[in-house]
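Below are two complexes that have chain A in common, paired first with chain B and then with chain C.
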Partner chain A sequence: MSALTSLSAKDIAAGVRRGDFSAEAVVKSHLDRIAAVDAKVRAYLCVLADSARAAARAVDAKRAAGKALGTLAGVPVALKDNICLAGAQATCGSRILEGYKAPYDATVTERLKAADAVVLGKTNLDEFAMGSSNENSAYFPTKNPWDLARVPGGSSGGSAAAVAARMAALALGSDTGGSIRQPAAFCGLVGLKPTYGAVSRYGLVAFASSLDQIGPLARSIDDAALALSVISGHDPKDSTSAPSPARDYLAESAGDLGGLRLGLPREYLEGGLEPDMQGALESGLDALKARGASVREVSMPHTRYALSVYYVIAPSEASSNLARFDGVRYGARRHGAGGSLLELYEETRGAGFGPEVKRRIMLGTYALSSGYYDAFYLKAQKVRTLIKGDFDAAFKDVDLLVTPTTPSAAFRFGEKTDDPLQMYLSDVFTLPCNLAGVGGVSVPAGKSAQGLPLGLQFMARPGEDHLLLRAARAVEAAGLFSGEPDL
Partner chain B sequence: MSWETVVGLEVHCQLGTRTKLFCPCSTASFGKPANVNICPVCTGQPGVLPVLNRAAVELAFQAGLAFRCRIEPRSVFARKNYFYPDLPKGYQISQYELPFAQGGTLAIAGKEVRLHRIHMEEDAGKLLHAIGSEELPYSLVDFNRAGVPLIEIVSEADMRSPEEAFDYLTNLKAVLQYAGISRCDMEKGELRCDANVSVRRPGEPFGTKVEVKNLNSFRAVRDAIAYEVVRQSRAREAGEAIRQETRQWDAAAERTEPMRSKEEAHDYRYFPEPDLVPLVAEEAWVARLKAALPELPAARRARFVAELGLSDYDSGVVTAERALADYFEEALAAAAPEAGAKQVANWVQSDFLARVKAEKTSPDRAPVRPAMLGEIAKLVASGSISGKAGKDVFAACWETGKKPSDIVAELGLAQVSDEAAVAAWVDEAVKENPQAAADFRGGKPAAAGSLVGAVMRRSRGKANPALVNKLIKEKLAS
Partner chain C sequence: MPLSLDEVRKVARLARLKLSDAELSRFEGQLGRVLEHMADLAALDTAAVPPTAHALGLSNVMRADEPVESGVQEALLANGPEREGPYLKVPKVIE
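Moving on, here comes the complex of A and B:
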């Protein structure tokens, strides 16, 4: 493995700026790494080698011309394949978008380019971000670099595996109910879901609009902070984007935890934790206390409804968001010659969507139907308000909430595919955060007996994503997790 | 006992913005090739988001204010979900439970029609089934219209005849045009109307209503309602129940027909649009928009009567359209003080409107500009040219676009008011018509007519008629 693939995004950018190495060399080493190990991991749906090399050369030329380079100068970044890059595919892991090329850049893509980052390729995901293991990708499952027999998590499993396997310095994913944090936990990465509205959703193919948020997957807090600084800030193209300007999360996430109050929500731990996870949580808490934070128990009584509420609201929005995939304007159209319009819809969508997507479209269509709307969608929105109220109340007493990111370490392929509910339950700790619109981060805090990464999750008040990073930094600094996957 | 007609109207009106409701694409698509005013947002590409056009909101709010609606402090956009190839996202962004305006009224002859609500929504695209006269074995979609801002104005079922519906539409259009909210050009699809029609015995609850679509003109609305009333009352007379359905008007056959596949009610699965935040109508903003509303037709009509002394009828004619009322006021400014409001109104109503209609143009596009018509009225009122010559000048103005005074000079139409010149023509006329002169002297004042005619022939119509009459009387009295 070349030394360049082991560098952090922060060090790559600094090295490129100083001229220690060229952006082209950085990209080349990562492309070589992809060529060497991606056949095993299968993180990428497509590698954009030519455009990546060209972009890297442009960064080098900019430096040669004496111009200042951006925050992520020459940093190779992987994009989840539901985030648009003009001229590149955006399959969302679905057959229905096979062959589709995005005609525009997502706002985050534009901002990465403006910061002189280099997009290496598009990564695998559960179809339309619906899943927790990457097994719902219509193309192939991505494997966990720490144990190829296990899932990388999902839905941003490709992005997580790419960064964990040193096939990218940084990746962007999307998180609707844990899709950044859970794969980050499974792959030993920092995964950040920013406060709803902190990062523009323009150019992220919508799954559930009121829950979706783009965020970084990185190997360090510094890298996550740099990435968030680049992609966040108000975007006039997204009406739900917060009016706040860009921030320097690297600076804001520095500092100790003196006086910071942490809350441990009782309801998250009621079922008991696996011993490995319990151990990781306790070591993490010790590290936090050692740096000046206080920890107390808090109650969030509506937590147990989060899963049900999520599986009404997310599918409802999805059923509408996915209506545009009708075979009329783009994507794979299927219909018999001389067929009717209804046949065009039925055949295109019948063949184009996988079983999990169809299940959720049906759930959502049902929940929004006349006669059921009040009992399902409206009721779920009311309970969502109660869940948000739990967070508001907790944040009166504490500054941050801390929980395990997942109930267990990465599971094996096929372990949960026959039982959707078991699969849904793997997101039980991460869902409430999206329902409340608050930010959450997962940080590696140890390993299981089998040597698999375990993650701790922090959640903070809306707009206080810097506190998430500050607390996670204390866990990182405690050195509870180390090493890299052996591929 | 007779049947009472009950009508409610749903009018879709295109807001006169430069750009679409949720993206920066142009709305100027009439006559343009298909799919030129499109972008990722209005073609529903994956990942795009809507951004509400503030100018559209302001026009919509002004529409609400012009109809004296209650502007809701908070309204919410909703998704109306259904599949159709002209609907790029598989849902239309509209407003459902919380529209931006509720209540309101519109005056028509003899009554006030109540409005139920006004909401904002985006238009869909258009399907093409043929190129020219060639039928296609498939359909094409043009998304130029997709995302164009509309308001839907829903009335209460307050109209009781086809004529009242016609009046309602006429006045509604006038208000929308006056307030600068829409051009309301039906040919361009800027104004579309569906009618809900039912019949009942007076005093009974409302009967089952039928929705009539494909109404391409106000006349079609009136005729379709009249047809439906006959159809429904005959059915009721025969003891048949009216089926709740959607029918379409066939203008050529002059009848309504049931529309296919509308039998089962659609379930649009409305829910609040999560990509947009609720629309908050701040009081100060609404007050500013209200203050900026131009004078509306009823106020202008009343002002023309009170301040200019026009009859209610004349005022009604010249204020029917904002463009005509503007034209009238400009013409009056150019005609004053020699010609008054009544005279200018006469010019506008007679020569001008007749020509505008004959040429199928509009006041703002007419070649005779208001200042020109004002000048013609002034020339006639001051006696510089005769009324007859004024009409000729108007016609020449229309053809050439030249200034009236230049035409008067070119055609030598200036009226002769010089006493000596007219007296000479009178002398000759009396000499040539001794019998008429004798009759007049003998007590037949009507005999002066042929003398006046003789003077006019000699002067080629240029002699000032008042002066001719005066001089004839003086000459024959001596």
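Moving on, here comes the complex of A and C:
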């Protein structure tokens, strides 16, 4: 492995700016690394070698011309394949979008390019970001670089595996119920779901619009902070974009934790934690206290309803958002025997969507259908208010909430595929954050007895994503997690 | 709250999904179990609770109504499975 693939995004950008090495050399080393290990890991759905080399040469030419380079100069970035890059595929891990070429850049892609980052390729995901293991990709499952017999998590599993395996310095994912934080925890990375509205969703293929948020997966807090600084800030193309200016999260996330009050929600720990996870949590809390934070228990009494609320609201929004995949405007098309338009819709969708996507469309359609709307969708929206109320109340007493990111370390392939409910339960700690619209981060805080990464999650008030990074930095600095996957 | 096969068939129709008999019967069991889990919501008294559609609380985001060139018409049309000039073709709808 070349030294360049071991560098952080921050060090790559600094090195390219100084002229220690070229952006082209950085891209080449990462493409070599992909060629060497991606046959095992299978993080990428497509590698954009030519355009990445060309983009890197453009960065080098810009420097040679004496122009100032951007925050992410020459940093090789992987994009989850539900985020648009003009002219490249955006399959969403689905057969129904096979052959589709994105007509424009997502706002995050545009901002990465403006910061002189280089897009290396598009990464694998559970179909339409619905899943927690990458086993729902219509193409192939991505493997966890720490143990190839285990899942990388999902749905941003390809992005997580690419960064963990040094096949990208940084990646973007999307998080609707934990899809950035859970794979980050499983792969030993920092994964940040920003406050709802902090990052534009323009050019992100919609799953559940009131929950979806794009965020970075990185190997350090510094890198996550740099990425967030680049991609966040108001975007007039997204009507749910918060009207706040760009911020310097690297500077804002520095500093000690003096006076910061942390809350440990009792209800997250009720079922008892596995000993490894309990250990990681305790070490993390010790590190936080040593840096000046205080920790107290808080109560969030509606936590137990989050799973049900999520699995009404997310599928309902998905059933509406995915209505656009009908064989008329994009992707695969399949005619019915009678040749009618209705058959065209039904055949195209029946053949194009995989089992989990169908399951969720069915669930959402049922929850929104006449006679069940009040009992399911409206009811779930009301309980969502109660869950959000738990967060509002907790944030009166504490500045941050801290929990494990997941109930356990990465599970094995096939372990949860037969029972959708068991799979859904693996996101039980990450779902409430999306329902409340607050920001959340997962940071590595130790390893299990089998050597698998374990993550801690922080959640903060809306707009206080810098505090997430500041607290996570204390856990990072304690050195509870180290090493890299052996591939 | 078990779901009947007929209800599953009706929902598939509403969702414009052609499902095989095997899929229909699999979903009958799986969706029934998921809906059973969701029965916990019914037990909560929410009579006085307003619904939350959106956590951010932004409403009526307006902008000036100024036409701009998207520049992507051709790229959009090129994604169509069947196309004729600047149109996307679908089977005849009106007899």
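Heads up, the rule we're going with is that the second predicted complex is superposed on the first by the 484 of 487 C-alpha atoms of A that agree within 3 Å, B and C clash if a C-alpha of one lies under 4 Å from a C-alpha of the other, contacts with A are read in each partner's own complex, and residues count from 1 in each chain.
Simple rule for what comes next: contacts are C-beta pairs under 8 Å (C-beta built on N, C-alpha and C of every residue); 3 or more make two chains touch, one makes a residue touch a chain.
Worth saying up front: this structure is predicted, and the values here are computed from it rather than measured.
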First, second, both or neither for A:C84, with chain B first and chain C second: first
First, second, both or neither for A:T430, with chain B first and chain C second: neither
First, second, both or neither for A:Y104, with chain B first and chain C second: both
First, second, both or neither for A:R324, with chain B first and chain C second: first
Dominant contact partner of chain A by residue count, chain C or chain B: C
Partner chain in contact with A:Y345 - chain B first, chain C second, else both or neither: both
Partner chain in contact with A:T303 - chain B first, chain C second, else both or neither: neither
Which superposed partner A:S179 touches (first chain B, second chain C, both, neither): neither
Chain B versus chain C as contact partner of A:K358, first or second or both or neither: second
Residues of chain A contacting chain B in one complex and chain C in the other: 100, 103-104, 210, 236, 239-240, 319, 323, 326, 328-330, 341, 345, 365, 369
In the complex with chain A, residue positions of chain C that touch it: 3, 7-8, 11-12, 14-19, 23, 27, 30-31, 33-35, 37-38, 40-42, 44, 46, 49-56, 58, 61, 63, 70, 72, 75-76, 78-82, 88, 90-93
Chain A residues within the chain C interface of the complex: 86, 100-101, 103-104, 196-197, 210, 236, 239-240, 242, 304-305, 307-309, 311-312, 319, 323, 326-333, 335-336, 339-347, 349-351, 353, 355, 358-359, 361-363, 365-366, 369, 375-376, 378-386, 388, 420-421, 424, 435-438, 462
Chain B residues touching chain A - in the complex, by the definition given at the top: 40, 43-52, 79, 81, 83, 85, 88-91, 137, 141, 267, 269-271, 274-277
Complex contacts: residues of chain A adjacent to chain B: 82-84, 90, 92, 97, 100, 102-104, 106, 201-206, 208-210, 236-240, 316-317, 319-320, 322-326, 328-330, 338, 341, 345, 365, 368-370, 373, 377
